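In what follows, chain A forms one complex with chain B and a second complex with chain C.
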Partner chain A sequence: MAKVIVYPPTSMILSDLVERMGHKALVVPEAVRKLVTANEIDSPPLNVTPEEPKKGLRYAAVDVPSGVRGRMALIGPIIEEAEAAIIVEDPGWLTGCAGCSRTNELVRLLIRTKGVPVLDLSYPTNDAEARVFVQKIRAFLEDLL
Partner chain B sequence: MLVTKYVITSSESNILPSDIAMKIYGSKYEVLVKETCFGVVINGEEEVINALIKEIRALDPAGIFIKDRGFPPGDPRRCRGRRGGGARPGFYMIESESKMLPMISRALASKGDIPAIPEKKKPLPIKRLEEIVKNGLS
Partner chain C sequence: MIRIAQLSCGSEYSGIQKEIERAAETVGAKIVYPEVSLEDILNVESTFGVSVSSGDLNLAIARAVRIVQNPDLADAVIVMTCFRCAEAAIIRSEIRKYIHEHSKIPVLSYSFTERTKAETLLTRIEALVTTVKYRGLLAREKQKGLTAGIDSGSTTTKSVVMRDNEVIGTGWVPTTEVLKSADEALEAALKTAGVQKEEVSAIGVTGYGRFLVGKHINARLIQEEITVNSKGAVFLADAQKGPATVIDIGGMDNKAISVQDGIPGGFTMGGICAGASGRFLELTARRLGIDITELGKLALKGDFRNVAMNSYCIVFGTQSLVNSLSLGCKPEDVAMAACHSVAEQVYEQQLQEVDVKEPVIMVGGTSLIEGLPKAMEELLQVKVTVPKYAQYIGAVGAALLVSGLLED
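Presenting the complex of A and B:
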């Protein structure tokens, strides 16, 4: 079982396909859960403490907008943990944790420079493309076993 | 550790969110269930949720999708009832991907050869454009 990071990191389809094929999908909601459900909430309501921007500084400089550093505090540790990656470009809709274009550029860059196996795809627009999409993911994940 | 998962059904699936909720109510598992328009949100101990997910998936293996959620169901920090209405940020992602689920379901259920797809037209390379401009001007 490999740890596979998916991009967009909030994608339902990608995380489901990864888990369905017996691997562990690394996604943002898990990182969010650790913060918001911690027993000791230091900084309600979301428990973002001064430690989070410090974690973000490992991936982005201090003059980078705080939104990027804050997001990287969640996504950066996930990237470090990843053993493989599936990147789907140009979804055309990204919101919430994945709604910052500069963060997304940095995330893709860090994944590519990490040196793990990466599968690049586009979201399907018809049935034939969907079959190829699923088949490529299946073949990629089977090779990781 | 308590975990929360979304169970989302494809719009072409014969399984309704209420069917999943009833299946969970009738199961031996102690989990919290919240029924929504697109599926259900379940919350419980990690091992319990993982075992339950296997049973839920068996209802329609190609038509049911699972996604992690950070906040517990009904959490006042996310629940729109407490925030004065409006969808929470993560809903838009689910809404957008839900439109694709029927295609993905059919792809998961399909067997046989994968159709060949013609390569998409790529933009004109800059060098080729320069050649065209030079030839046109000379």
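Presenting the complex of A and C:
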């Protein structure tokens, strides 16, 4: 079993495919769940406190907007944990979205420069492409076993 | 309950969402989020004019469009994005303009960091709420009866006594102990007016120390300085009808307020850099060995282009001025360079955030430093008006507004 990060990092479709193939999907909702199920809720709705942007300094400099650093406090540790990655280009918001384009760019860069196996895919636009899309993911994940 | 629609990107990930809601609650308002559909978000290119890469910004745009389509959804709007995000800065400004042009809803824009606290937002949100809540009071154009106003500022405390639409007494003292300074300023104003405190029907208070002073003197009106100053400015400049822009460069912060018929429509409040404050000019005057009251007249004789300013910073900018003097620059050029530096920073950082419409009225003690309005005129390429009693603007606004409460 490998720990696989997906991009966009909020994609439930991609994480479901990873889990079905017996791997662990690394996604943002899980990081958010850890925060919101903590004993104390300091800052609803996500329970991100001003401490998170400071933790995000590990991944982005202080002159990077606080919203990017706050997001990176959630996504950065996941990238560090990843042993493989699936990156979908131009996925559209319905597939998943960090809400911030600058964060998306930084996440893609950090994944690619980490040196783990990466599967690059284009988002399918029709049924035939979707089948190929799933087959490629399956083959990639099988190789990781 | 006043409903403030929050159109933002990044506030929840910066950990400041709770602070925004706390600031709203403190002034009796509630933050709301206009509901939009996915289709609304996908259509912002056609409804608003542009769709951007960041999903949360598109969501903020879709919410802005929704509010313009249905103004009953909110009483006021706050547009907030991360400080230093270029994409967000463009959209924040465009959303503000869009709402300002297409609705009558007051709008405030602000860029935050993770250090933004409820206290930072309080005056801004209080002003937004006042604009909605006391629209009738703010529309008041004349002062009636005998009232007084106190502006408890960070550097100076000002007071005026007004009778039937005329300023009849003024008092001005440096702020040391907040309550003592307020008492002294009021006493001075009463003395010059020739009236006793007991004769005054009501007192209005504004400025940083407003809560403390207001309680101390049992004030009838305790109000933040954005609405009060804009009211005082248009009253003194005789610009109560139509648009106006009020610029107030204070000792500790600056305000740029876009006013329509005497009521603030949009505003910004700076307070990050001392280089854009009156303090910078005080330091310059001290370095030139002159009194602050002489700096403006000296600046009028100078040319800022003769001095190389490398920074707006109160430390490094002052260093540039000192270097220039050592290189033989004339004191008048240095004085004007300081005025230009302050004006330029306010122009670059704040006046881009409001719609600058004539008349442009400069108020506050710094407006009396003649070089500053002149530098602002050169930058804006419009005539800048400095009304009589410009340094007492907050106190005048408070005395005017509190007289409205007496009638009600």
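Please note the rule applied: the second predicted complex is superposed on the first by the 130 of 145 C-alpha atoms of A that agree within 3 Å, B and C clash if a C-alpha of one lies under 4 Å from a C-alpha of the other, contacts with A are read in each partner's own complex, and residues count from 1 in each chain.
Definition applied: a contact is a pair of C-beta atoms (placed from the backbone, for glycine too) under 8 Å apart; a residue touches a chain by one contact, two chains touch by 3 or more.
Computed from a predicted structure; not experimentally measured.
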item: Partner chain in contact with A:101 - chain B first, chain C second, else both or neither; value: second
item: Chain B versus chain C as contact partner of A:67, first or second or both or neither; value: second
item: Touched partner set for A:93, first chain B, second chain C, both or neither; value: both
item: Which superposed partner A:133 touches (first chain B, second chain C, both, neither); value: first
item: First (chain B), second (chain C), both or neither touched by A:121; value: neither
item: Partner chain(s) touched by A:57 [first = chain B, second = chain C, both, neither]; value: neither
item: Partner chain(s) touched by A:45 [first = chain B, second = chain C, both, neither]; value: both
item: In the superposition, chain B vs chain C on chain A residues touched; value: B
item: Footprint overlap on chain A, comparing chain B with chain C; value: 45-46, 93-94, 97-99
item: Chain C contact footprint on chain A (complex, rising order); value: 42-46, 48-54, 63-71, 74, 93-94, 97-102, 104
item: Complex contacts: residues of chain B adjacent to chain A; value: 2-4, 6, 8, 57, 65-72, 75, 77, 89-90, 92-94, 96-97, 100-101, 103-104, 106-108, 110, 114-115, 117
item: Chain C to chain A touching residues, read off their complex; value: 9-18, 38, 41, 52-56, 59, 81-85, 87-88, 112-115
item: Contact footprint of chain B on chain A as seen in their complex; value: 8, 10-13, 15-17, 19-20, 25, 27-33, 35-37, 45-46, 91-99, 123-124, 126-135
